[in-house]
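For reference, the structures are reproduced in the following blocks.
Below are two complexes that have subunit A in common, paired first with subunit B and then with subunit C.
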Partner chain A sequence: MDSPPMDTPPMDTPPMDTPHVPLLDVQDLTVEFATRRGPVRAVRRVSLSIARGETLGVVGESGSGKSVTSYAVMRILDRAGRIAEGSIAFSGVPLRELGEGEMQDIRGREISMIFQNPRAALNPIRTVGRQIADVLLRHGQATRANARAKAIEALEQVRIARAAERYDAYPFELSGGMCQRIVIALALACRPRLLIADEPTTGLDVTTQKAVMDLVSELTRARGMSTLLITHDLGLAAAYCDRVVVMQQGEVVESAASHSIFRAPQHAYTRRLMRATPRPGARLRDLLPEGGAVPEPVATAPAAAPDAPPLLEVSSLVKEYPRAGAAGLLTRWLKRGAPPAPFRAVDGISFTIRRGESLGLVGESGCGKSTTSMMLMRLLDPSSGSIRFLGQEIGAMPARGFAASPLRRRIQMVFQDPTDSLNPRLTAARAIADPILRMGEARGAALRARIDELADLVGLPRALLHRFPHQLSGGQKARVGIARAIALNPDLVILDEPTAALDVSVQAVVLNLLQDLKLRLGMSYLFVSHDLHVVRLLCDRVIVMRQGRIVEEGSAEQVLEAPRADYTRELIAAIPHPPI
Partner chain B sequence: MLRTALTRLGTALPSLAGVIIVTFLLTRVLPGDPAIYFAGPVASPEAIAAIRAQLGLDQPLWAQFASYIAALVKGDLGVSLTTGQPVAAEIAARLPASAELTLLGLFLAVAVAVPLGILAALRQGSWIDHACRLLTTAGVSLPVFFTGLLAVYVFYYLLGWSPAPLGRLDSFLSEPPARTGFLLVDSLLAGDMEVFHAALAQILLPAATLGLFALAPLARMTRAAMLAALSAEFIRTARASGLGARSVVLTYAFRNAMLPVLTTLGMVFSFLLGANVLVEKVFAWPGIGSYAVEALIASDFAPVQGFVLTMAILYILLNLAIDLLYGLIDPRMRKVA
Partner chain C sequence: MAETPALPAEAPSPLAALLRHARHVVAGNPVTALAFLLFLLLLLCAVLGPVLAPHDPLASDTTRALAAPSARHPFGTDHLGRDILSRVVVAARLDMGIAIFSVALVFLLGGLAGVAAGFFGGWTDRIVGRLADTIMAFPLFVLAMGIVAALGNTVTNIVIATAIVNFPLYARIARAEAAVRREAGYVQAARLTGNGEIRVLLTTILPNILPIMAVQMSLTMGYAILNAAGLSFIGLGVKPPTPEWGIMVAEGASYIVSGEWWVALFPGLALMLAVFTFNLLGDGLRDIVDPQRRS
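Moving on to the complex of A and B:
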């Protein structure tokens, strides 16, 4: 099945390898997918080219065909997909006409790829070093004798500390950022001429994102490589690309140098994307498409008196977890020593939320923000500290008992993943009805009326109520999740990264919806997010957390405009944004 | 590794104790009185009472249990009433026959099922995928006594290819000196090719019958696990790095797909070992399954208890082996253990 590796590099300095021939030239590429309802064209007549040493950004929302384009270039489309039309020339060589064996020689050696979700992109049961060695051996860049040394060298190039030790690590033992470095090492190991980066930093923290992207751009620049950066993030494209191609529904709608595209976007879709991207200075309403501006809803809920007791009062909240190895009773008895100090996921934090206020909780993964929201929801028992909600101490109530408490209905939550947080076997209506049924609020006609009312509130067309989650779009699922959370008229809603999985244009709409609902129903929000710009749009006050502690607290404006803590400054600096 | 193995064995002790208690109680509450069975149809009530006293059946349950445990600690599983032989010796004599049959059947099943499952996953919807589906459906839906009888009818009666389905070895041949108790291995060790061929001819049909039954779950699981593994994101990375098809399919996909296949293998093995009674009956195989069933019909307590205990120990050892294999394949499991 393997073709014999070529003895000579396949296309180093062929006659046509002159400076004016672009490194990659894609013309009128059309990709079809066979589906039950006949062929679907996921990419239609896409043309793009990358010059030597150039970084091209391909920007678009989900379903725009940007990833499919790159898979077609690599010819790794899955079985249902095929290139229907068009030509792909790499350094003058028509890739469509190569045999699979020749194509395998090009993959990884001439063109390589890095992917979204780095941990899943690595074989979970093979050491990361062996995976790099596999590629080196495949392309004849190492022998069995020196593969280990060469792989370690590749790890060192992506600045992995103690590379020799990491060679024997498995992906599950490494952090997400570290895994992405491994994937980059894997992609760059054979010194390819083109790197395709498919959403390389989605799901990583902003500071990690910056470190990874800086590394990629530095390495590719040093080697004179070209890069194709596929991203949904306009800011990222603006910060790292020379030229940007905007794709929408399988077609290229605009292509220009990155400094001009953001200053003067030509196509309406580009302008819409630009508007929807949260950025410094923009207000929530600015994110919505032009002309479609909605008037601010009148605050129908009575504003709370400023001196009223706070809705939620958290003081010196702590959550400890035993360290690994401290668990077994027998081991502890055998060793007799003092157990290792437990890990403090949340380390004595205090804050309040007033009625009708939104508080943003910002921090990177592992900072304790999810643990905090789980404790507030009383899904986790705090180790110490108090949580006073509506004047009652709920921190001491065991997590199991809280479900039966009358206060339970007054706190609701909207989850990060709109798909995974809906039961796939329940229709939208049934999902929204769930909390109402559980609390025994209404039955029959009254229940139906309430569901319709909620659907109208969150802007979900009533006709969609009988659909199952897989029949709804991401934004519609997010609306179902929100409708379910507000079904019992809660006082406090915890929003756990509610828009992280959504496209920017959908995010803009959902954020506006949340704001309208808050004004209309007088709820308070605790908005948990890693994105300071998004938090600023919705929140009055912001808390920045790091390693279980609060490093900064203040009004949203103050924290963003004049951050006091170094860490906050670092966070803000790491967020790429279009130069407007 | 050794520590993990010992810890795992330690956690199995309570279940072993449970098995001992439950089988003891169950055999006592089953209908049927061994004394009546043993005394014969024309025995007087006095004779039956005498036998009952002799067997210790007139004593209270706890006393019977205590003497059972006392004997068990010494490795004494009691004496079979129907054959008059010690149960431990009889099980030791018959277990290799069952184990050899099961292992060969399982080997045949794996040898066919795993490549078939991999090919079916690689060429989804092709003729090989359909062949795989047909074979697995046949394997699940045809009972072993039927496939066994069919095999005997076709290969012995019609074609005359295989010898009479009467036990492990032609009665004219003498058994090789027992070292492992597996005739195929012992005959090879003794260098006796004639016996080896004869034993192979005898075992082939029953093993294939068992294998067909075991093949179904294995092939299905291999196919499903391979499909899942092949659609994983790291396979895309491997392909994008230019790795060849063999290395992508075998090194990257199949090793990841092995975990569920291994679990299925353990389950199939454990129920084949005890549940091949029907195959043993059809082929007059002197195995442990037919021994246990005959004892159960005769209300012969000691062999039944001995059988269940043996099965429980085998099952525990098997699970241990699978857990250790898991750790070898998947580094994440080592952390958990």
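Moving on to the complex of A and C:
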């Protein structure tokens, strides 16, 4: 498995300040993992360097080796992995030759790291202030007497409002964005010279992402630190990095200054990645690779007459949850006070979906969009309001018994996480067959024929049908989930962030597939997402939700081009995209 | 679940796939192979015990009482001159039988109650939880003694007592595992595909917690054997002259002081071997049942 010679120009020569030794210099790094089938090279002859004060972006899809590269630099590869070849120099010190003890001094003090899931990086049973104070004390940055004051100061630096109060907060009391800021405060506490940020904002809302990234870039600039930003998001890399390295399957395919890489990408893979990224002005077909098979134009199912009754009609839908403390009868009797007003996750929303229409439901986490889709799906009972589907009031039918309703097969869902939504004990074929076995008629040969047909329809190779979910890739699992949802030709399919867990190139293919299926089968979609650019590609109309209410509703173009609500404007401004 | 097999024609038969996978797991972990061999040995004794035994386990011969191990009696003889090897081999059926039946019973009762508690929550959860707490409030062996003493001194009652004593363990594990999976994506998906709640519980949740339960079964199997032997040791349950490891250890205990160590040692070793085997088996079983490990 020798890597072929690279077809890119020699890289990593900083334009002007060549006399300087780069802060981090990685040459010909190769990392191997021992597996059941012999060693696998996850990273092959990767070279990159970061100058002082520079922000380098490492961009690639899952499996490209971008995280493994950073783990190798930090020497925190898991037991099966080892650095097979190459050198890593940190301000001239060869890190490969250091002992574990010396390496521990470097980690945290010289190089620190922030990870994807901030909540997992914090100790759940210690207050965040104490955690920062611990780090300051351990590295001699504070004394017992002033640790609290210094920790509060650190919290203020990462823009935690009311820092003195938040010192005593536990991680679960803070939002994801605030937790990430705490993690940043911890990472920067010892004033390291290099910060490695591995997907620091994946899983955060776009507005939070912007706040966190702005903070990181401001703090690192103020302290003259260098940053290695690992991300799958080209837009993020373009917005925050000086230089970008693109990785594919363990190799660096392109490396250039970020303004030039997005204007004139050299490598075919970079171009493909750029094309697949949803951006303003791009249409759905534009996301697919150039020169690929153009999907044949499909016969568009006739649109319903505008005056026909809507497929789904939701009015004044409300979901309330009791607040903590309102629970026990005894407590309420003892306290004698009125119980606190219940929390309204969904607060009186109304909308309609016509036959053959796609409606986008956009909002950030906690806005009530998932609760809404669960209620429409009849997995959750609404507190009040009505849901009329195909002329029947389904909101009043209890969720528990809805599985037996004849309407169950008419309304289906594609879940957010393709891995989590497939039963690990069922093969792909069995998963697709499940709705047919429960609610359809086909059995035996007819069932097998239908499964094959569905597999063809969603582009899943038939040979993969007898595999278990863990033997399939993310995109293949997404296809299984889609095939299961459309197995009985439902009228309405709710797509709950169906591409959130997928790479951009896979996302492009899946979005196109969904569009083709809609046209061919005449289904309606409710597309739930946090990303307006993705929603726009597939939807005619868009609803923007915030705190359980609808703040804006209109055609996709109008909402994106001329938003009326301030919140929508904020949302659109926060989405980073490559400057094209 | 009846329709599961009839699926794609090109898929290998599930049994063949399982065997291939089992071979892979066993090859990767020799300890598992050892555990399976020991298990087969125990099973062989249990099934063919009376045929394998060189002597009649009940025939006493006072002229040969308390004979030391020899070529004729490899494990020696007891105070009535019965061949200990034969008795140890024949006893496997009774001890294993008690263990297997009691574990199967508790797996059904405790597993189902626990899964239902975790899945439905509310009152089901409260009732099952309090029941488990009540049982846990007693010293388990004393509780087992009490149950056997109250219900009567039979093998069936030993099985029931052992099952009841193990109930909280199964119920709690099943409850915790079911509660985690209750809102999992694939469980929601199963609801969407038209499965009613009971069906989701039985066909989606239960199979997914089987790997964890399998390990538990194997571990408690060892405990069940000890429990049955312990009850017999103190004179409850199996009555002499039926060969049973617990009674044999009890009978032999008084002779250790006078130098006839073999009377108690060999049944004790058999007991230890059985418990050891089941504990080892637990890990191997988990690897085989877990679909994640299949590739």
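Rule of thumb we're sticking to: the second predicted complex is superposed on the first by the 550 of 580 C-alpha atoms of A that agree within 3 Å, B and C clash if a C-alpha of one lies under 4 Å from a C-alpha of the other, contacts with A are read in each partner's own complex, and residues count from 1 in each chain.
Here, a contact is a pair of C-beta atoms (placed from the backbone, for glycine too) under 8 Å apart; a residue touches a chain by one contact, two chains touch by 3 or more.
Here the structure is a predicted model, which means the values were calculated and not measured.
In the superposition on chain A, contact of A:Ile76 is made with subunit B only, not with subunit C. Contacts of A:His139 after superposition: subunit B is touched, whereas subunit C is not reached. When the two complexes are superposed, the chain touching more residues of subunit A, out of subunit B and subunit C, is C. Once the two complexes are overlaid on the shared chain, A:His466 sits against subunit C while remaining clear of subunit B. In the superposition on chain A, A:Phe415 makes contact with subunit C only, while subunit B stays out of contact range. In the superposition on chain A, A:Arg438 makes contact with subunit C only, not with subunit B. Of the two partner chains placed around the shared chain by superposition, subunit C is the only one that A:Leu379 touches, whereas subunit B remains out of contact. Look at A:Val542: by the touch rule set out above, it reaches neither subunit B nor subunit C. Looking at the complex, you find that subunit B touches subunit A at residues 124, 231-234, 236-247, 251-252, 255-256, 329-332, 335.
Every residue of subunit C that touches subunit A in the complex is listed here, in rising order: 3-4, 6-12, 184-186, 188-197, 199, 204, 207-208, 291-292, 294-295. Taken together, the subunit A residues at the contact with subunit B in this complex read 1-3, 74, 76, 78-79, 104-109, 112-113, 115, 117, 120-126, 134-135, 138-139, 170, 172, 183, 186-187.
For subunit A in complex with subunit C, the touching residues are 36, 377, 379, 400-401, 403-404, 408-409, 412-413, 415-417, 420-425, 427, 429-430, 433-435, 437-439, 443-444, 447-448, 451, 463, 465-466, 468, 470-471, 481, 484-485.
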